[in-house]
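What follows is a set of structures for review.
Shared chain: chain A. Partners: chain B in the first complex, chain C in the second.
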Partner chain A sequence: MRAFEYASPTTKEQAVSLLGNSWDEAEVLAGGTDLLSLMKDGCVAPKRLVNIKEIRELRGISAGGGGLRIGALATIQELLDNRAVSRAYPAITQAAEGITSPQIRSLGTIGGELCQRPRCWYYRAGYGLLATDEQGEPLVPSGDNRYHAILGNAGPAYFVHASSLAPALIALGAKVRLFGPDGVREMWLDQFFTTPLTADDRETALKPNEIVTEIIVPTALGVKSATYEVRQREALDWPLATASVALSMSGDRVRVARIVMGHVAPRPWRAAEAEQVLAEKAVTEEVAQKAGELALNGANSLSRNGYKIQLARVAVKRAILMAARGGRG
Partner chain B sequence: MAEYKWPEPEKRSLIGKRISRVDGPAKVSGKAKYTYDIKRPDMLYGKVLRSPHAHAKIVSIDTSAAEKMPGVKAVKVIQEPGTEIKWAGDEIVAVAAVDEPTAEDAIRAIKVTYEKLPHLVVEEDLSAAGDNAKPAAEQTAGEPEKAFGEAEVIVEGFYGLPVITHCCLESHGSISEWEGDQNLLVHISTQAVSNVANQIGRPLGIPAANVRVKQDHIGGGFGSKFQVDRWDVTAAQLSKMAGGKPVKIMLERDAELMVAGIRPSAYARVKVGAKRDGEIIAWQSESWNTGGSGGGGSPPLPYVFSVPNKHTQHTGIATNTGSARAWRAPNHPQGCLVTMSALEDTAARLEMDPLDFFLKNIELAGRFAEVYREEFAIAADLMEWKKNWHQRGAKTAGPVKRGLGLSLHTWGGGGHGSNCDVIIHPDGSVEVKMGTQDLGTGTRTAIMMVAAETFGLPLEAIKLMIGDNQFPTSGASGGSTTIGGVSASTRRGTLDALEQLFEKVAPSLNVQPADLEAVAGRIRVKSDPRRGLSWKEACMKIGGTAITTRGRNPGPGTLNSSGVGGVQMADVSVDVETGIVRVNKVVAVQDCGLIIDLKTAESQVYGALIMGVCYALYEERIMDARTGRMLNPNMEFYKLAGLGDIGELVVHMMTGKAYDERGVIGLGEPPVISPGAAISNAVANAVGVRVPSLPLTPDRVLAALQYPDREGGSSKNGGNDAGI
Partner chain C sequence: MQRDEKMKEKGSGLSRRTFLKVSGISLSVPVVLGHRTIKVAGAEVEVYGPGKVPIALTVNGAKHTAEVEPRVTLLEALRHELDLTGAKRVCDRATCGACTVIMDGKPVYSCSVLALEAQGKQITTAEGLLRGDRLHPVQQAFIDNDAQQCGFCTPGFVVACKVFLDKNPNPTPEEIQKGLGGNLCRCGTYVGVRAAVAQAANQYPNRKGGGNQSTSKGGR
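Take a look at the complex of A and B:
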């Protein structure tokens, strides 16, 4: 880890003024569960760390008539402990349950969970975000890509987005609020995530001088939701594929479905075709199976990750069936 | 002269009981100091610059910028320009600095240029190994060709398991400091306290007698910490360059996984010939493996079962990766996985219960055939095998299929050379000193139990000192040799000391020394137990000079032997839609002769089963063919089981007269041999096809399920396509 300057502002205005116009100037420190390892591994080397943990207004989770507000500094454990969340938004709680490290749950924040960087082992070993060799040739397509993308993987990005919560939040129609020098920006969380085209890009719409302040999730009245995660170990382990499903119900029938897959693409991946097949139907094993197949229609395996297509199919099918049962497994 | 034997069962107060390890409270409270925890006054931190290339020649090294950095106290080039580097992670230059960040900055300031050379880092495909493949001698027994001709069933399969690392939770390393320029003090994480001085003294050019070695506790070795490593010598050299100040080099996690030891892989194409009634008559195998740039030995094939007609051929592949080191039962888990999988596939083809099939052929297991038979009966009860076993491929509804598998194994485990000093002080206090180490297995507890048993004292009456080379030498802890060695030397030393005590005490009781016994804190007359003295009173008869004896192994009397058998059964659930395997239960039935501490013996087996679940389902060193680097030198992708992944573990230790009579035998290796095979067999039983290679990850399980009838492959029952 290289030497850096450390700042600990107490307002978001101060925080933003301490950030830079390019990514190498400053990084935002919250839980630090990802940032510290990125710095130790030399993947990032910021000149300044801006600790935002002292900015009180970024904390807390509140549920009311208008929906749910999750402060960027709320921890994963706080999310898990929140009864209002688990009652109305089981997809979120189930996604958080997949993060099985007590240390990460206690320190890791929602804002950090959404902004964490890819776990691609080439990236983490110093080959850059797009994992290229000295000649600029990509290492992933011909390398060991067992954990890499099966969707949105035409390049130059082949990694999978590491967030476990994003698919659930997007399925539930969440928006994200950002704060920068020009004030507040709000956007659909779905649009927050981007696929980098260069090694200097990031995986979100966040600018170097902005911070995430909160997540807003609309009310879930009449919505059934669930997250299904395919993970090899019970112990802390990255998911191999996840699916979050939110079904707006009208009686027994699905009015509108939203299906978002995680760990399959460089960004959380919306399965529009699969969503449509559920519309106006009662959920059955067959319909869920069909949706799973449609969700992976555009999937393209690299040399050794074909199995993930099957895992994602199963995740979609099982998440739909869980959601229809009211979020139970 | 004392009679050197173990007390009769009815006379044992401690031996064979479940005694909690004496260092448990220190370990769970964090008070136990491991080498990693040692902080010496004015200590410097050493860091190592490692080769990023798997195969290269060093062209130039420029350390000038590092040398000028404030806080950097010493810079040492480990391998000079011109040297050929044979694996990524190999040590090039080391620095010592006042703190870790400064040392890391210095490492980054060193400029090394390399001439890259072609490398080979993967070996699963034998045909791609080219000149790196070196065939070993072929072996033939009986008449394999004729036997295959007479076989009524022939089953062919491909089986394998990848390189894994030792992944010690306490990484390798040491702290060295000089007293003057001829005396060295080394704190080191080692499996061989008594061997370090000689190993480190030689390259440093000082006599072994001038090296003091210490280690209180070790966080895992598994066979990878027998030898002083180059970085240990480097730490001592840096210390000397820095005026003798202590220099600490403990490996970072990535280096620990890249360079501090691997278990060789093993892959094999196997053909088994059998009669329809299940008699195994022929074996043929073509196997290969890698042990890094050096050799990796070869797996014993077929394992345990001496098939009368066999032909085996093995090829070693040199790869540009870190070197092999002994890994708990070297080459046995590999031989076991290949053999037991092939035999289970044969049983499945015959539609035989593998338990019946193994028992039918158990005479081929030789010396331990009867032990295995007895153990299988117990294991089958504990697993409810006959009730729960089904033909291959569970017919239950739903995606989760359950299956059972079994395996068996053997190991030597004879006691190593061991010496100890036993002192009985006139005030009644007792010391035992031995240059051994407690590898985490309960060695301390076992030594104290033996001494306390001999003297008829409680465990806490024994003051035991180990982990220091100023004590009498004792062997390295490896190969399951420690318990047999230290229990025997301690027993002999304490019996001799007790005999001397009896000589001092006998006149005051008006009996001969041989008429006395030490029981329950008293020295008393055997024929009239009311006559006697308390231990303390007895020791007052010693006079001014303490009794001192030297216990040795080997020595007179039969206190230990070697050779054990064990069997294991696994119960797994497999989600056939995701390929995820869960271990429900593993049963281990294990023989190890006379057991000193039943509790730590059971713990040893529990630990082995956990390690077995890890390598069966998760562990794998993943190398990148193009860059030559290890892709998972970390704890997130070098996967180990967590608590929720282990399942129920049931351990049954064989005890009783026939086992006691063989004396003490080691237990470290045997129970880790079978889990891979038993779990792989259980998965095959659950899903109906063999998943050829460990670890049994979702991709491998799904691949086996999706293409059960690949071209050239065999049917659902038994065997699999030898396709690579």
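Take a look at the complex of A and C:
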């Protein structure tokens, strides 16, 4: 890890002033479970770390009539332990349960979970975000791509986005608030995620001198939600494919459905066709099956990850059925 | 700041050329420079490093001081500065659990916490579970259930099990399995570890009779 200087501001204004205009100037330190590993592997080498954990207003989770506010510094464990969240937003709790290490849940924050960098082993081994050789040729399509993208993978990005909470939050219609030198910016969480076109880009709309301050989730009144994960093992690991589903119900019929898949594309992946097939229908096994197939309609496997297409289909189908049962497995 | 940058290399292969260049102008500059204060957003904020800065850590109830660069992790400070080698460095990437310690009642990977950040927190390592010569019930249960083989993951596992039982004194087998999801054992002693946790739970001080305490106390 390269040497750096360290500051621990107590307000978001101070934090933003301590950040720089480029990513090599400064990085934001929250839980640290991803950032410090990235720094040890030389994937990022900031000259300064700005620890935001002393900024009190970024903490806490509050649920009220208007929905849910999750401070960027709320930990995964706090989210998991929050009864109001598990009652009204099972998709969020189930996604948080998939972060299986108690140690990561204690340190890891919501803001950090959304801003974590890809787990792509080429990236982590120093081949750059887009995993290229010295001539700039991509290594993933002909390499070991068993955990790489099956959607949105026409290049140059082939990695999958590592966030497990983002699909659930997007399905529930969440917004994210950012703070920078020009004040507050708010956007749909769906629009926060971007697919990098160059190795210097990031996977979010966050600028080097901005911080995530909070996530706002609208009320879940009349909404049934669930997250289903397909994973290799129960212990600490990222899932192979996940689906988060939110169904706005009118009686026993679906009014509007939102389906978002995780770990299948360089960004959380919305399945619009599958959403439409659920509209104005009662949820049955057949409809859920159909939605799973439609969700993966545009999928393209690389040389070694064809199996993920079927896993994602099943994840979508089971998440829909779970949501219809009120989030129960 | 350029001066700090160079001074940081002292003791870890400071080149002769750099030494000559620096020593000519900074013989009187101490190696530990502490911090500087800069004004941002109308407030004074302290910026530490990149050279060594003095820190104070509270580990197993005792206060320790050391001088470390900001890039030194809590794990490195424990092992190299305080000679507490219970927490092990294995993956050093927040994935194996061998470096697990308790920080303010919560299990954390000490490889992923900076030593600077750990100041002012109560830190407990495997060494801190002993009461004089007496083993903690979890430690005794590891011996009784043959819950280790090579032993490298054991201190991290023991600490993770202790903090798990603090929160779940009456765990079901499924909760034990899930509660230890942050630690790996390459020898595969999981059956023994789970049996050890079940045994220790029976002797646990805050165990309540009957009922399943699966819900956490939350927000500690």
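Assorted remarks:
To be clear about the criterion, the second predicted complex is superposed on the first by the 329 of 329 C-alpha atoms of A that agree within 3 Å, B and C clash if a C-alpha of one lies under 4 Å from a C-alpha of the other, contacts with A are read in each partner's own complex, and residues count from 1 in each chain.
Everything that follows uses one rule, which is that contacts are C-beta pairs under 8 Å (C-beta built on N, C-alpha and C of every residue); 3 or more make two chains touch, one makes a residue touch a chain.
Computed from a predicted model, the values in this text were never measured in an experiment.
Residue contacts after overlaying the shared chain place A:Asp81 against chain C, while chain B stays out of touching range. Legend: residue contacts after superposition of the two complexes on their common chain; A:Arg185 is shown touching neither chain B nor chain C.
In the superposition on chain A, contact of A:Lys281 is made with neither chain B nor chain C. The partner of chain A that touches more of its residues, comparing chain B with chain C, is C.
Looking at the shared chain after the overlay, A:Glu13 reaches chain C, while chain B stays out of its contact range.
Of the two partner chains placed by the overlay, neither chain B nor chain C lies in contact with A:Arg202. When both complexes are overlaid on chain A, the residue A:Glu234 reaches chain B and chain C alike.
Legend: residue contacts after superposition of the two complexes on their common chain; A:Met1 is shown touching both chain B and chain C.
By the touch criterion defined above, A:Arg177 reaches neither chain B nor chain C. Comparing which residues of chain A touch chain B with which touch chain C, the overlap comprises 1-3, 100, 234-236. Chain contact summary for the complex, chain A toward chain C: residues 1-11, 13-14, 16-18, 29, 31-34, 36-37, 39-41, 48-49, 51, 53, 77-78, 81-82, 100-104, 106-107, 234-236. Interface residues of chain B facing chain A in the complex, by the touch rule stated above, are 101, 104-105, 577-580, 617-618, 622, 624-627, 629, 631-632, 634, 636-637, 639-645, 697-699, 702-703. Within the complex, the chain A residues that touch chain B are 1-3, 100, 119, 121-122, 124-125, 127, 133, 139, 142-144, 146-147, 230, 232-238, 240, 304-305, 307, 310-311, 314.
Those residues of chain C lying in contact with chain A across their complex are 1, 5, 8, 40-43, 45-51, 69-71, 73, 92-95, 97, 100, 103, 106-109, 111-114, 116-117, 160, 163-164, 177-179, 181-182, 184, 216, 218-219.
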